[in-house]
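Both complexes shown next keep subunit A, but they swap its partner, so subunit B is in the first and subunit C is in the second.
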Partner chain A sequence: MSLFFISLLIIASGGVLSPFFKHNFTTMKFIAVSTMIVGSIGGIIDSGSKLMSQSATINSCDYTASLTYLKSFTLSFQLDSLSAFFLVIIFAISLMASFYSFHYMDKPERSLGTAVNYLFFSLLVASMCLVVTASNMIAFMISWEMMSLSSFFLVIYNYKSKENRRAGYLYFIFSHVGAMFILSAFGVLYALTGDFDLSHSFASAVSPISNALANLSENQKVLIFILAFIGFGSKAGIFPFHVWLPHAHPAASSHISAVMSGVMIKTGIYGIIRIYSLLNFSSPVMGANQLIIGNSQFIGHIVIVAGVISGILGVVYALGQNDMKRLLAYSSMENIGIILIALGIGMIGVSSGNTAMVIIGFSGGFLHILNHSIFKSLLFMGAGVVLHKTGSRSIDALGGLIKNMRITGTTFLIGSLAISGLPPFNGFVSEFFIYMGGFKGVGMTAITVNDASVAGFAVNQFAMSRLTFGTTAFGIVSLAVIGGLALACFTKVVGVVFQGEPRTRAAEGVNEKGVAMLVPMVVFALLCLAIGVFPELPVLMSMNAISSLNISNIGTESGGASVIEITTKMIGMAGTISGAALLFISMILSVLLLRNFAYKNKPVTTSGTWGCGFTKPTVKMQYTGTSYAASIVEFFRPFAPIHEDHSPVKGRMAGRSHYQSHVNDIAELYMDRVTLKPVLFLFDKLHWIQHGDIHLYIGYILLAIVVAMFFV
Partner chain B sequence: MLYSVDTVLSFALLASLFALGSSRLPGLIKIVGFQGIVVSMVPIFIEHNITSSAVTFYMFTMTIRGIIIPLAIYLLIKKIAIRREVQPIIGYHASLFAGLMLIVASSIINHKLALPATTNSVLLMPTAITILVTGMFILMARRNAIAMVLGYLMMENGIYLVGTTFSMGTHHIVEFGILLDVLAGVMIMAIMLENMKQKFDDVDTAFLSELKE
Partner chain C sequence: MIESLLLWVIGIITAPFFSAVILKVKAFFGGKKGPPIFINYYTLMKLLQKGSVYSTSTTFIFKLGPVISLGAALTALMFLPIFGHRPIFSFEGDIIFVLYLLGLGRFFTIAAAMDTASPFEGMGAAREAFFPIICEATMFMILILFYKLTGHLSLVNYFEGSHPVYLWDMAGTSMVFIVIALFIVLLTENSRVPVDDPATHLELTMIHEVMVLDHSGPDLAFIELGSFTKLFFYSTMISSLILPFQREGIFSPYSLLLGFLAIIVVYGCVGIMESIVARYKMDKVQKFILTSFALAFFATVITMEFIK
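== the complex of A and B ==
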């Protein structure tokens, strides 16, 4: 038995044991957290060593385990570098989240609930690990469902609140509609190939691509990919399947939100990548310098457009939120959009034979997966501390928190800088690579191979390269827009929540007790900085991860550089980044030193924020988060309708009035209007069938059988 | 051409007609029990090579189907002292007529279905279908909950017969699984009946529509 499965067993056993210790709250937490930490460390050692022992060009799968049940169901698991990359993230985030939970879960009166929370937490972690290692469809679906269900139970942890139950049901419905799409993709795949195996994308040398898979036509491949894209997209939170995301994340406890947003939604991305590499879209390109323009050429473009829409709308909705955790959830959607743009760039590279785009696009995307899991977990944990200490998630009710919560405030600031893609933090590095990949696509010229046997080949080729130019340029511009809006969004959070003066009583006199909650945030903040300054290792990790995608061997025609060349170039680029970052940091430090030196002997007076010149300042004079974001949200009004509710002011002596506004999510709005209402209307009309008389029901069955017997 | 199994099957067929015409619960229980015994005897007449394990299995089936379940229901009606009338929705004569029509219809269907002719029997498939649908008919057309349970049992007899046509000899495991299902089903129904008796002081299923939202 390998270390990987032992780690999973340790994690699961801790979860299973914890309900038995519900009478001793601290012991129970200790057992659950320590097993999770031990298991995760084991898992990190195992998968990390697997990942790093990989060379960038040769791929190999490491170990396999299979279990046959009832002679017909084979569950098999296999670990390649792609799985290993995701495993490292899963284990690392879970480790920190469980550590954080030790002080976060501090309600001894809800001992059993906490124990059950730990049980499902450990199941969630274990099933996520199984999802990314599953190598056939049955094993994948079983682990996928385990993951969805355990996270569902985590979402309804505070089941007594009606809002949370609603969030849970919404999540349940979305995850199962998504699973239905995934199942149909698998079903089509199985019907066409007669094979449950997903492992053909692992290690081309070990198991060559089966004939059945190679014989799939272009359109069949596109159909399977689109089905899987929708299915996995509903887990990842791609517009318009993200509706559950902003409801489920605030409902779950903060360390769970960190895991769900940091890791779990990435399993959707994993699924998309896995299906993509399984379908082997690169195969038509490889044929003797001849490019066949088929429908699969458009997949990369579809993915980029989906990414752009999720990215921009995600950040716009995030700007319009007043609930910290909802804002972070929308920001997850935005980052999924960025990752999709990166993957789309890589996919365009695959279909047009541009190796540089493939490597830089995919590895940029992978790097962003890693980075996002770090800073999003950090931000959720920060929001969790704020919620824990003030009891409020509402941005406009807080303020001035950094004065009493120095560590939380500073780490949250670092996370915000990183998520906005500013140097010298890690978000900058991955977005930089994605830009690089995009520019490779913009600069790509039409391949000047003219094949007389294919009519209109050159024309097609020309049109295709124009399209590639258009899409990648669109992707780059949108990425810039997303970055700018993200900056606005996070200045809003940091500025309103942590700066200024406390707006309500809840935000006053807070403290920062609970060292277990602070350590993970500090670790993550340091990681953000470390990856931003020394990106070589993470870049290498993501390069190794893509080596098992079966795409690194695509053609080196069109004068493109070889894989090794690009790899070394990227590592070199990472070195340049780290040099620049060091320079940047040293500049900041020197300015700081200079300032200290200049003010050494001068008196510096401090007073309350916004206290400038007013005799009677009140906290209500401060900007609110809503007003700060209003001008930007207003601009996107067609996509983000603002719902306002206030009673008009009448007469000279106006009575009590109120004002309330929130930004509507058009996906939610239209899903309600276009799908839900008609369906409900239809079923309302059919209500008479449910008569309530049991004999009538049996009569229905009898009728159905008779009809079936005579007419079928 | 007449086979010995057809003679046995005709008893089962007659029993279902009797069931449609009987108005009292104890009689209905006896008829269903009798039919259970007959039905579980059928494989013995079809099977060519009878092993000792097969015989054990048939005996077991017969005991559960013909004795244990009917006895349990008989004791149940003794215990909760309910009305002995089956409370028909469709009258006895109409039911009998429907039963006759059913026999005709299932003979016609038998030709259409083209099932595997594993046995030398003319009546096996029509009987199976008739018993199945009769059971369902009783479920639908009687308001008394006990009569409905008996209808369910009769339906199950039919399913068992359909099963014998498909799985000769080997697949006892499947049939045994069905049998255990039925046993569990009857137990659940007994519990429900007691609850119903407590709640409504009757086992007339018309009261159940009060539970509708």
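== the complex of A and C ==
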């Protein structure tokens, strides 16, 4: 038995044990947290060493484990570098989140609830690990359902609030509709290949691509991919399947939100990549002798467009939020969009045989998966501390928190800088690579073929290169816009919540006690800076991760740059980023020195803020987050309708009045009108089938058997 | 390398002088004598000799703001070829780094403004956060065109070539669009009329100036120097586009003079713009900036038809 399964067992056993210690609150927390930490460290050692032991060009698959139950179905698990990459992230974030929870879960009166929370937390972590290692459909679906259900119970932790129950219900429905799509994708795949195995996508010499898979037609592959994309997309939070996300994240406790947003939604991305790799899209369009442009060529374009929509709308909705955790949830949607843009660039590279796009696009996306899990967990933990100490998630009710919460405020600032993609932090590194990959697509020219017999091919190729130019240019410009909007969004959070003066009593006189909550945030903040300045190791990690996909051997045949060339180039790029970041940091330090020199022996006094001539300012006059974001949200009005509610002014003397506004999410708005209403209408029409008469029900059964006899 | 460093220092030292050109042009249009041409140096010296008053609401971010925005501008200039000469540093993709660095400067300018709890500064910050978003889209659209033309993502490859009219040769007249688009970006990023009026008397209508209301002394001097440098950065970029430099003998007095003249032309255009156009209403500004994106977009479309 390998270290991996031992780690999972330790994690799960801690969770199972914790309800038995409910009478001793601290012991219970200690057991749950320490087992989680021990298990996660074991897992990191195991998967990290597997990931790093790999060179970028040699694929190897590590241990496999399989278990056959009643000779009828097999559960099998396998680990390749792609799984190992995700495992490192899962274990690392879970470790920090459980450490954080030690002081965050501090209600002894809810001892049993806390214990149950830990139980499902450990199950969630274990099942996520199983999801990314499952190598056949059955094992995958079972782990996937375990993951969905345990996170469902975590979402309804505060089940007494009606809002949270609704959030849980919404999440439950979305994850199961999603699972239905995944299942249908698997069903189609099984029907066509007669094989439950997913392990062909795992890099190993033992299972070369099976004939059944290779014989799938272009359109069949596209159908399977689209079904899986929708299914996994509902977990990842791709527009318009993201509706559950902004409800579920605020409902869960903050360390769970960190895990869900930082890691769990990434399993959706993992699924998309795994299916993509399994379907082996690279084979049919390799080389210039392919006459027909297959439909699979368009997959990359679809993914980029989906990413752009999720990215831009996600950040616009984030800007419009007043609830800190909802804002962060929408921002997760934005980052999933960025990751999809990166993956789409890689997929276009695959279908057009451009090695540089493949490597840079995919590894940029993987790097962003890693980076996002770090800074998003950091931000959720920061929001958790604020919620814990002030009891409020409302941005416009807070203010000036950084004065009393120096560590929380500073780390949150660093997280915000990183998520806005600014140098010298980690978000910049991954966005830089995605840009580089995108520009490779912009610069791509059609393969010139002089042979008259393939003139049609040349025309097609030309049209395809135009399309690639258009899509990648669209992706690049959107990425720039997303970056700008993210900057606006997070200056709003930092500026309104942590800076200025407290807007309500709740925000006054807070402290930041609870060292277990602060340590993970400091660690994450340091990681953000470290990856931003020295990105070589994470870049290597993400390049190792893609080495196990079926795509990385592309290009060598079609005469493009070889994988090794591109890989060295990427390491080189990481080096230059590192140099540029160091240059900037040294520049800042010298300007700081200059500043110290300029302030030597100078009178420095304090006074109130200049009120532009007004002498009696109050804290209520501060600019609020809502007005800060208003003009930007207004710009995107057709996609983000602002709902305002205020009573009209009546008579000469204005009476009591109220005003409220919120930004509507069009997916949520139209989910009701476009999906739910027609479905309800349809079922209403079918109501007569359910009449309650037992005899007729027996008749149905008889009819079903007779009909079945004709078909079977 | 020494020459590049020298040019970088010259750029920073002369940046305040060029900004005074704008004031002189405005004074000329107003029929006034205007302030002395070295006014900005006097201001900087005066500010550097003073102490500071800090608002009780502010934190360390307020003090960090000027440092980071100046540092970002100075670092950005290190990557730009001045007068067509090789810059101090360059690498593939440096333009993305530079643009994001200026974004970092903006983040801290906004954060410093939000630190004061002043409603006016918050209002300015909201606008400062909004308008550059469109500029970024424009900049990346221009980059796409430049990448398509040169196959590189580095300022060196655009503005330092052996061939004099490098980009114009390939893109032809659609380059005119790019120049205009870049000029609009310059006006927006540096808070000039018609996007923002640095000389207005009412705090409510300002964008950039209102955000630095509470800064004083050396801090304010840093901010001023940072914005002079940033304006110099964009102007040099445009002047490299409108004037194909002589490549041999960078330090010949002829080419230096030509370079200075081209930059003065750009600053003069900013001055003329400020004299003949009024500031736009806030809701019109976005459309004005969007024009730059449209120009860059169509320039790309036109050029794409010529290079196949």
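The rule is simple: the second predicted complex is superposed on the first by the 652 of 712 C-alpha atoms of A that agree within 3 Å, B and C clash if a C-alpha of one lies under 4 Å from a C-alpha of the other, contacts with A are read in each partner's own complex, and residues count from 1 in each chain.
Rule of thumb we're sticking to: a contact is a pair of C-beta atoms (placed from the backbone, for glycine too) under 8 Å apart; a residue touches a chain by one contact, two chains touch by 3 or more.
Keep in mind that this is a model prediction, so the values were computed, not measured.
Once the two complexes are overlaid on the shared chain, A:F710 sits against subunit B while remaining clear of subunit C. Once the two complexes are laid over each other on the shared chain, residue contacts for A:I698 go to subunit B alone; subunit C is not touched.
Look at A:L592: by the touch rule set out above, it reaches subunit C but stays clear of subunit B.
In the superposition on chain A, the chain among subunit B and subunit C reaching more residues of subunit A is C.
Of the two partner chains placed around the shared chain by superposition, subunit C is the only one that A:G500 touches, whereas subunit B remains out of contact. In the superposition on chain A, contact of A:Q690 is made with subunit B only, not with subunit C.
Counting contacts as defined above, no subunit A residue meets subunit B in one complex and subunit C in the other. Contacts from subunit B toward subunit A in the complex involve residues 89, 109, 113, 133, 136-137, 139-141, 143, 148, 205-206, 208-209, 211-212. Interface of subunit C with subunit A (complex): residues 48, 50-59, 61, 63, 66-68, 70-72, 74-75, 78, 89, 91-94, 96-97, 100-101, 103-104, 106-107, 110-111, 113-123, 125-127, 129-130, 132-134, 136-137, 139-141, 143-144, 147-148, 151, 153, 203, 213-214, 217-219, 221-222, 282, 286, 300, 304, 308.
Those residues of subunit A lying in contact with subunit B across their complex are 690-695, 698-699, 701-702, 705-706, 709-710. Residue ranges of subunit A in contact with subunit C, taken from their complex: 399-400, 402-403, 409, 413, 417, 420-423, 428, 431-432, 435-436, 439, 442-443, 462, 469, 473, 476-477, 479-481, 483-485, 487-488, 491-492, 494-496, 499-501, 573, 576-577, 579-580, 583-584, 587-588, 591-592, 595, 598-599, 602-612, 617, 619, 621-623, 627-632, 635.
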